[in-house]
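Common to both upcoming complexes is subunit A, partnered first by subunit B, then by subunit C.
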Partner chain A sequence: MLLVLACIGLATGLGLAFLTHAPNRLVSGRPIPLTAVVGGASLVALLPGVALLAGPFLPQRRSAHRLVAAAAAAFLVALLWRAGAQAAALAEIAPRAARTSLGGGFWGLFICAALALVDAEHRLRLRPSARFIAGAAVAGAILLLAGSGALDQLAIVREYAARRSVFADAVIRHVAIVFGALVPTVLLGAPLGILAQRRPALRAALFPALNLVQTIPSIALFGLLIAPLSALAGYFPGLAALGVAGVGVTPAVIALVLYSLLPIVRNTAAGLDAVSAASVEAARGIGMRRGQIFRYVEMPLALPVFLSGLRIATVQAVGLVAVAALIGAGGLGAIMFQGLFADALDLVLLGAVPIILLALAADALLDLAGERGRRRPA
Partner chain B sequence: MRVGLARTMMAAAVALALTAAAAFAQDAVRVASKIDTEGALLGNMMLEMLEAGGIKTINKLQLGPTNILRSAIIAGEIDAYPEYTGNGAIFYSLQSDPAWQNAERGYARIKALDGARRNLVWLAPAPADNSWVIALRKDVATENKLASMADFAGWVRAGGAVRLAASAEFVESPAALPAFERAYDFTLRQSQVLTLAGGNTAVTIRAAAEGISGVDAAMAYGTDGALAVLDLVVLSDPKKAQVVYAPAPVLRGAVLDRYPQIKDAFDPVFKSLDQATLRRLNAQIAVDGEAPRQVAHDYLKARGFLK
Partner chain C sequence: MIELDRVTKRYGNSIVVDDLSLAIRDGEFCVIIGSSGAGKSTALKMINQLIPLSAGVIRIDGKDAASVVPEELRRRMGYVIQSIGLFPHWTVERNVGAVPALLGWPAARIRDRTRELLVLLKLDPEGFWRKYPHQLSIGQQQRVGIARALAADPDVLLMDEPFGALDPITRDALQSEIARIHRESRKTIVFVTHDMEEALKLASRIAVMDRGRLIQAGTPLEILASPANDFVRDLVGQDEVGIRLLSVETVGNRLRRGEAAPHQPIAATASLRQALSRMIAERTDRLAVADAEGRPIGALHLSDIVRR
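And then the complex of A and B:
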């Protein structure tokens, strides 16, 4: 695995442009290779990369995996540092409108290094809490780098600087919509899952229906909800005053709830399915009532599977909210689409990269919660 | 007893907050715009002028495409947004009416229709035209002495090496390329058109400017920022084959009744935005990448609309 990553990383890093420099935001930039970015003293930035290249050939011991993990983390930060430094150097001699963007070479090296880090963590069999700390450490280092102004001349950061408050609002909106959809989903889906697990007839009717909903393309579902919701808000002005509307957040949340029901309901039912009959028998034997059995035996044992379903639903929701920007729901998707319509790729990335980071963060946090759930005594 | 009191106080606080929010929402003017560069520019100008006049605003800019905004303002979910007079033909299915080809008559038409049927008020339009145009790469235009669509048509008929990058909508919509072809008597073959899926003029303009895939002509909108900066010649349309799309602010009648001073705030601003000015400002946002709010603010300040 590491060998494959090393090959792909090397091929893209050397073959594709590390950065591109364009005279303005619209026209294509001229490529700047990796060799132009690291020279002289900054060659030290390449050292972690060399360690990564050696990684596949080291004996498979824990110390080797730790070395690879540390080298990968250092390389991620070093890549950003060099990219930012080169952009700053170019900005000193170029007009204000010129843009330096991250190129294919950068992304190839960055993603391969990140995957190498994940691979090393996996080989070290780290617990979710340890993985979370490692991820937070890398993120913290990158934030420090960004905070020191080292990355300010990269095109994506310049796009951010031009719309700081819009970006902040978009992130808050995006998270709020995801939350606003997940809470009703859990409140509705968990009981449905419990009922479905106890009544096979309901299960046979509900699961195919939920599967069907998943196959509907998201933008189609958003579009289909506009007309009935507008009519509803028209007939009941009270609803309109509450903020129910044909466009915007309402159809987005409703559609998200429909999409998120499947993982929640199925995983609740599957989790309860996995509770062994012996445990339930034993509980009944010591005199627990139905409600107590559910609360003290079934729920703790089913919790890990339920949390795994919540993870899936959350990551899916973070991605789907991006599409909801097309029907006026706002969020990071709006920034992405502005970039698409203006043919400004860095603006698209300003919307897309935070979405990816949000999804990764949500996944990591829920993984952590799942670990806690597994470690609690039943 | 204590718990009950705490709960009641919390409920009261939440109720108060909601009423306050609702009250704020009632007074504030919700300004929206389309998800493109010009929408950001004009929307931010409207926000700046409202706030300078002491009117509370809620920023709903870059909300979505035209149909989303239209349904939102009709349903009363937004209060104001910049729209194009020519879209009236689509809103009321009057595409065959020749009034739309004329700036004044088109504006009068949509103002009358929306005022009577929807209680929507169209304030003064900008003296600009954001309709479809075809832009040629400068060296091709100079070499063949092409300045208008008539020249272009003659060149195409004579077998000129034209390759047009355009969206599927531009190629198929009877109001777009077919309208040009009918008015100026020329036809472009399939091989001479590079059809793209989305209506992204930034991509088509870039393709023509850089000669990607042999493209030398691009579909563009009249006020596109890139046209001011890149080496392209915009072909004039003397026979008025295209509908006039003049940008103008549209407001809900109820909002204008509550704040009649909005008319005096918006009218001089929009009247000052001619074709060249809009292109220049759009270029600052789209090509130079400056913040739309800042560009709008600086322009209003420079022209004395903001103190």
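And then the complex of A and C:
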């Protein structure tokens, strides 16, 4: 795994442009290779990269995995630092409209280093809390770098600087739509999962239906909802006053609830299935009432599986909200599509990168919650 | 006193327990034995209302068990099952304290009682109470299971093949433990098994069931000496009857008081089977017998073992 990553990283890092520099954001840029970005004292930035290349040939010990993890984390920060520094140097001699964008070489190296970090964490068998701390440390270092102004001349950061408030609104709206969909999904899905687990007939009817919903492409489902919702809002002006409309947030939330129901319902039922029959029989035998059996035995034992379902639903919803921008729901997807239609790659990235980060953060947070739920192991 | 009065359980057309009448007196160690599918577990679970009756009535101290709230009835009866069923997300302490907590005991009293039970079950209370079930051996888990059943000091203990999943050595140790607990507490124990050896070792009375019906009920000696039919005879094991008879009678019953004999004395409370084993091992036909304090009180001859 590490060897493959090292080869890909080496090939893309040297073969593709590390940065591209263009006189304005509409024309494609002139490639700048990695070799032009580092030299002299800044060669030190490549040191962790060299350590990563050596990684596959080290003995497979914990100390080696730790070294790889540390080198990968350092390399992620170092790559951004060099990219930012080079952009700053170019900005001094170039006109204001000129752009320095991150190139294929940068992304190749960055992604390979990130995967090497994840791989090393996996080999170290880090617990979710430790992984969370490691991720937060890398994110913190990158934020510090950005805060110091070292990245200000990178095109993606300049796009951000040009639309700070739009960006902040988009992030908040994105998160709000995800929450707005997940809260009703859990309120609806958890009881449905409990019922389905107790009644095989309901399960047999419900699960194929939810599976079917999952197979509908999201863009099609959004489209399908436009007509009935417009009609509803037309017939009942009260609903329209509440914000129900064929386009916008309402169909987005409805579609997200439909998509998120499957992981929530399925994992609630699966979590309850996994509770040992012996524990339930013992609970009955010592005189627990039904409600007490659920509260003290079934619910806590099913919780980790339920939380992993919530994790899947959340990560999926973060991605789907991006698509919902097409029907006017707003959020980070709107920035992404604005960039796509304007052929401005850096604007696309300004939408896409935070979506990925949101998904990663949600994943890590729920992983952490799952660890707390699992602390008393089953 | 637990009275099963013409108790029947039907599932559709199949009759699992058929017109079963059995009275279990206070302080009795009643073992219900039968092959699988005999209805013995069903009969046990009807006593604490885990399985509702199709017909008949179960009276506990003269009162119809069906007239009591089932959960309250169960909290007054300890329940131990073969699959143990400890709560995996709770510590040993919380598992043992489960019934007292349901009964609303104050925390300090639950803690004291938990420690007391861990000592009773020979589980070191300091090291143990913080552990989780998966950190224990199966034998230790079932000790915790028994402690949980005893926690609220119930008068009755229901045990459904509790030692069926244990290895022979652990099973033997736990059998001795439950026999000691019964001796010391005089609780009423209803114990289901398919192992005749276990029944003979523990029971003050054995109830033999086959295909839902009660075939014979009596002391171990009665079951061995006069089996009611071929089924009971087979269950006892025809080749083993003599040896098993020896195992349910003590040396004290056949003793020649005042007579002296060489060799290390055997305890008067030992079984005749143990005495015979000693004679064979030591190649002698006479053993000295001692009382509980180790004072010689008489002798046992080989012929005393054989003769009625």
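By definition in this document, the second predicted complex is superposed on the first by the 375 of 378 C-alpha atoms of A that agree within 3 Å, B and C clash if a C-alpha of one lies under 4 Å from a C-alpha of the other, contacts with A are read in each partner's own complex, and residues count from 1 in each chain.
What we mean here is this: a contact is a pair of C-beta atoms (placed from the backbone, for glycine too) under 8 Å apart; a residue touches a chain by one contact, two chains touch by 3 or more.
What you see is a predicted model; the values in this text were computed from it and never measured.
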item: Partner chain in contact with A:343 - subunit B first, subunit C second, else both or neither; value: first
item: Contacts of A:126 with subunit B and subunit C, given as first, second, both or neither; value: neither
item: Partner touching more residues of subunit A, whether subunit B or subunit C; value: B
item: First, second, both or neither for A:58, with subunit B first and subunit C second; value: neither
item: Which superposed partner A:365 touches (first subunit B, second subunit C, both, neither); value: neither
item: Touching partner for A:292 - first (subunit B), second (subunit C), both, neither; value: second
item: Which superposed partner A:301 touches (first subunit B, second subunit C, both, neither); value: second
item: Touched partner set for A:94, first subunit B, second subunit C, both or neither; value: neither
item: Touched partner set for A:278, first subunit B, second subunit C, both or neither; value: second
item: Subunit A - residues contacting subunit C, complex; value: 276-289, 292, 296-297, 300-301, 376-378
item: Subunit A to subunit B touching residues, read off their complex; value: 24-28, 96-97, 99, 155, 158-159, 162-163, 226, 230, 233-234, 240-241, 245-248, 325-328, 330, 334, 337-338, 340-344
item: Touch list for subunit B against partner subunit A, complex; value: 22, 35-37, 40, 60, 62-65, 68, 71-72, 75-77, 198, 200, 202-203, 205-206, 209-210, 226, 229-230, 286-292, 294
item: Footprint of subunit A on subunit C - complex, ascending; value: 48, 50, 70-75, 79, 81, 83-90, 98-99, 102, 132, 134, 145, 148-149, 158
